[in-house]
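Look at the two complexes coming up: subunit A is in both, with subunit B in one and subunit C in the other.
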Partner chain A sequence: MSKARASYIRIGAVHAALIAYTLVALFPVFLTIANSFKSRNAIFREPLAIPTPETFSLIGYETVLKQGDFVGYFQNSIIVTVVSIALVLLFGAMAAFALSEYRFRGNTLMGLYLALGIMIPIRLGTVAILQGMVAADLVNTLTALILVYTAQGLPLAVFILSEFMRTVSDDLKNAGRIDGLSEYAIFLRLVLPLIRPAMATVAVFTMIPIWNDLWFPLILAPAEATKTVTLGSQIFIGQFVTNWNAVLSALSLAIFPVLVLYVIFSRQLIRGITAGAVK
Partner chain B sequence: MGSLQLKSIRKAFGSHEVLKGIDLDVKDGEFVIFVGPSGCGKSTLLRTIAGLEDATSGSVQIDGVEVGHVAPAKRGIAMVFQSYALYPHLSVRDNMGLGLKQAGVPKTEIEEKVAKAAGMLSLDPYLARRPAELSGGQRQRVAIGRAIVREPKLFLFDEPLSNLDAALRVNTRLEIARLHRSLKATMIYVTHDQVEAMTLADKIVVLNAGRIEQVGSPMELYNRPANLFVAGFIGSPQMNLIDAAKLDDRDAKTIGIRPEHIGLSRETGDWQGKVIHVEHLGADTIIYIESETVGLLTVRLFGEHRYAADDTVYATPVIGSMHRFDAEGRVIRSGQ
Partner chain C sequence: MKPRENLTDVSEIKRPRRWHILVFLLPALVVYTAVMILPLVETLRQSLYNTVDGQLTFVGLGNFKVLFGDPRWAADFWNALKNNFVFFLIHMAVQNPIGIALAAMLSVPKLRFGAFYRTAIFLPTLLSFVIVGFIWKLILSPIWGVAPFLLDSVGLRSLFAPWLGKPDTALIAVSLISVWQYVGIPMMLIYAALLNIPDEVTEAAELDGVTGWSQFWKIKLPLILPAIGIVSILTFVGNFNAFDLIYTVQGALAGPDKSTDILGTLLYRTFFGFQLQLGDRSMGATIAAIMFLIILAGVSLYLFGIQRRMRRYQF
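Moving on to the complex of A and B:
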């Protein structure tokens, strides 16, 4: 009896800690979304209150949708994020496969070189990147952003994926070779499905900084046609006056696409297909 | 069909040489087992035959055709792995048929062959299942089925029973033996378990540190070990190895006597000693004796015997059962 009660207390303590953390983590999101539905006065008078019939207002969303081409900004953000993730995963997995699967001279050095980008922030090279983009005539194109983000995401992707690929059974790959699968088929049909959880992790880690980035859109693609959501929202933040309704509404809207992508990837994290492949 | 010739195979990983010149002939239909301690190169040798590793030098011929530069899938081999290595996302049927599908065999023919192999291994009820839904023994049978379906010239087994529990291991061993008789195929089998080697093989290849120590039938290796390593490796419990000087044998360096070739008596005998420990196994009794003349001795008596620790006993070797080895560890035949 006393033992069972003690474990109730322990379970209760664990849950309390987790619930407290969840509240802390969700609070800013709650604040953003709640305030985005309130009138300007209500935001400042009672920032923590939830919208009531008196304070409810869609003025923020109206401003956002009227001002500029917000649908276009969303489209830009989604194109840039999705294409970058796809490229990072594709090239990252290919490099990781070569590094983990084949013995060649300089393998370790190559691995270190490819992982170097984790330690050196890509923004240090902004000036050179801008010069390069100008020379290649890519300024104010989404291609410029995609190229930069792919480069930015690759080091971590190569690092994580190559570690995971080392854990894929050699026997399985060799069985494929004996059954006549090409190296490409082994990579695509045997190894990639087995490291799906790792791919999902990499996708999430790659996605968030790209979606939230302000720096490179501002420098490489500030034109109206190529603005991303983060950059588009900046017009509501002025040096002296900030249209908080609009900013909060824009941010609330910006949460949803990432949320959808995250849900897609996190389902991959949970689904375990490896069970039973090898003992 | 199904012979194999290895000529001075060498394999080095960097500066570390794993195989140091292997020559071997395997005839059609033979069951050959590579046995040796871990790290002796037996798996590497098997993978070299399969084409999963390239030999640093030397030649591999299957049916008299040099296959050094032939891809694994084109060598006419099939391999069964220790970890089963089934494709997790394919059903049992597709697992077994994939090799043929890749080779462009018509669908009906694949179905036929898969059904036949499944029948041999009593896998019919499981054909639609995924590997995750099978037990360890069933998975290994699927892996064997995948090999059978390919109708290879050579079957290669890489420690196929190591992941199974003891009872299942005996069953699967019998199944492999039965398979070898019914298919009459050439099989090469790697194991570190000498019981598997002794029970299955037509011919055992004992490997040590990248070299072949001896090739022969199980009984040849047991009765006439060519050197100290084989003498110590084959047979359980291990052969007693006694310093020849203690027995006043000037020509030999070491004398070997198998535990089952020593008689024991409470009254008289060649070597007096004290029992240290007794293991009662029912069919056998293993007795460890500390003797002043020859040191530690292991004696294996058949049936049950009532010896106990601290008993004083006399051990006598069976005449003609001694193996004599010279300073290099090679056997001295003339003495027998």
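Moving on to the complex of A and C:
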């Protein structure tokens, strides 16, 4: 009896601690979204209250949509993120296939070379990347960002995908070879469909740092036409610092797509971290 | 290239050069080398050059000497380096213990709502620095008054100060914001490591009367040390490469009075210039080279010094 009670108390304490930390994690996000729907007076008078019919206001969102070209920023972010992920997945899967399927001289060395980028941040090469982009006339284009993010995402993608490709059965591939499939067809038709779950994991991991990056948009593509959402909201908020409605609305707009994607992909993401990262 | 060493028992066929291997490798190799490796090498090379009388000249380690000793540079550099270490130590002392504690609680067997807690606590990690930085700037702002109001509700109103605006607390405040954002990563990695401990081990410990706290300290903690090692090196690399959060919260000058300046913000100001200061490519490359060496030293120490000596348990 007393043992059972002790374990109830312990479970209760664990829940209390986890709920407390969950509140710490969610409170700032909740606070921002709730206040973005309130009038200016209400934001200051009762910051912790949720919007009521009397305090409800969309004035912040109106300012944001009128002043900043957020539709354009979203478009840029989506183009950059989607194209970079597609290239990372395609090039990464191809390289991972070469490394895991064939034995050739320099195989291990090649694997190590590609893995260097997992630990060394691409940011440290910024000085020369900018020079290169200037020389190639790619400054203020989305292409520059796509190239950088593809290079940034490849090392981890090759590493994770080649681990998974080693688990694809040799018999299947050899059966394909006997049926006269070319190596390309084996890759495209037999192997790629089998590693789709791993590709989804890599896609999620690649997406987050690209979508959130501020450094490279700031340096390589700060022009109005090529601003991403992250840079766009940074600059917008900087200009509208004293317009609290607009700032809170811009923040909420920037949070929203992340929230939606997270709700869709959270299981994939968490399973990816818990399965692949610690071996 | 050699022909494939046979994988099956089918007779070995000598094949001509296997061009498909090259085709598979080439796109990744070209993009990775051209956009990542070559610029990195080129940046390191440029740290050995500087403009002398309008001519780019090889100066050896001259730039480093200037950075370490010249009065115009040294104060800023050592300040940024020191702040960066403080930034890192706060993460190690606060973020990782909280992450371990959360993971330990989440791994309690048959815990209800575990998935919900995990999802919620991991959410801030996905938000961009811009969002996180501004949200906390607003919350800690004395104008809005959310932070004083919350402190008031627990009777600690007197503790409130504009933490982000005071030189002696700004760095701690910014570090804690970053901890708030990133605690999900150690939590997840250590949670995964805890799940990998087989039930037989914990059951055996329980039979021997080792339960609760002492079970965690004596049985589980040694088993998750490799995961803690990975978390530490990820924190190290992330911290010595950080820039965005400080830029968002405190601006490129990393105020007040450069009290939150770290190597990332110093690199940005040096390379691109800010306000009256002109951009300096050579010194920018020099700071990037120092960051590279620090990260390389940390990663090597981990790979060769710590990871190899760490005992791994096979279950």
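In this section, the second predicted complex is superposed on the first by the 203 of 279 C-alpha atoms of A that agree within 3 Å, B and C clash if a C-alpha of one lies under 4 Å from a C-alpha of the other, contacts with A are read in each partner's own complex, and residues count from 1 in each chain.
As a convention for this text, a contact is a pair of C-beta atoms (placed from the backbone, for glycine too) under 8 Å apart; a residue touches a chain by one contact, two chains touch by 3 or more.
Note that this is a predicted model, so its numbers are computed, not measured.
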For A:R123, select first, second, both or neither according to whether it touches subunit B, subunit C, the two together, or no partner. second
Would you check which partner chain A:V14 touches, where first means subunit B only, second means subunit C only, and both and neither mean what they say? second
Check whether A:L181 is in contact with subunit B, with subunit C, with both or with neither, and answer first, second, both or neither. first
Which partner does A:L172 contact after superposing on A: first (subunit B), second (subunit C), both, neither? first
Contacts for A:P193 in the overlay, against subunit B (first) and subunit C (second): which applies, first, second, both or neither? first
Name the chain, either subunit B or subunit C, that contacts more residues of subunit A. C
Could you tell me if A:P53 is touching subunit B, subunit C, both of them or neither one (first, second, both, neither)? neither
Overlap the subunit B and subunit C contact sets on subunit A and report the shared residues. 174, 273-275, 277-278
Going by the contact rule set out above, which residues of subunit A touch subunit B in the complex? 169, 171-172, 174-181, 190, 193-194, 273-279
State the interface residues of subunit C toward subunit A in the complex, per the touch definition above. 1-2, 4-5, 7-8, 10, 18, 20-21, 23-25, 27-29, 31-32, 34-40, 42-43, 46, 98, 101-102, 105-106, 108, 111-113, 116-124, 126-132, 134-136, 138-139, 144-146, 149, 180, 183, 188-189, 191-193, 195-196, 212, 226-227, 230, 233, 237, 241, 243-244, 247-248, 264, 267, 271-272, 281, 284-285, 288, 291-292, 295-296, 299
Show me the residue ranges of subunit A that touch subunit C in the complex, using the header's touch definition. 10-11, 14-15, 17-19, 21-22, 24-26, 28-29, 31-32, 43-44, 47-48, 87, 90-92, 94-95, 97-99, 102-105, 110, 114, 116-117, 119-129, 131-132, 147-148, 150-152, 154-155, 158, 170, 174, 182-184, 187, 208, 211-215, 219, 230, 233-234, 237, 244, 247-248, 251, 254-255, 258-259, 262, 266, 270, 273-275, 277-278
Give the list of subunit B residues in touch with subunit A in this complex. 47, 50-52, 71-74, 77-79, 81-89, 98-99, 102-103, 130-134, 136, 139, 146, 150, 158, 163
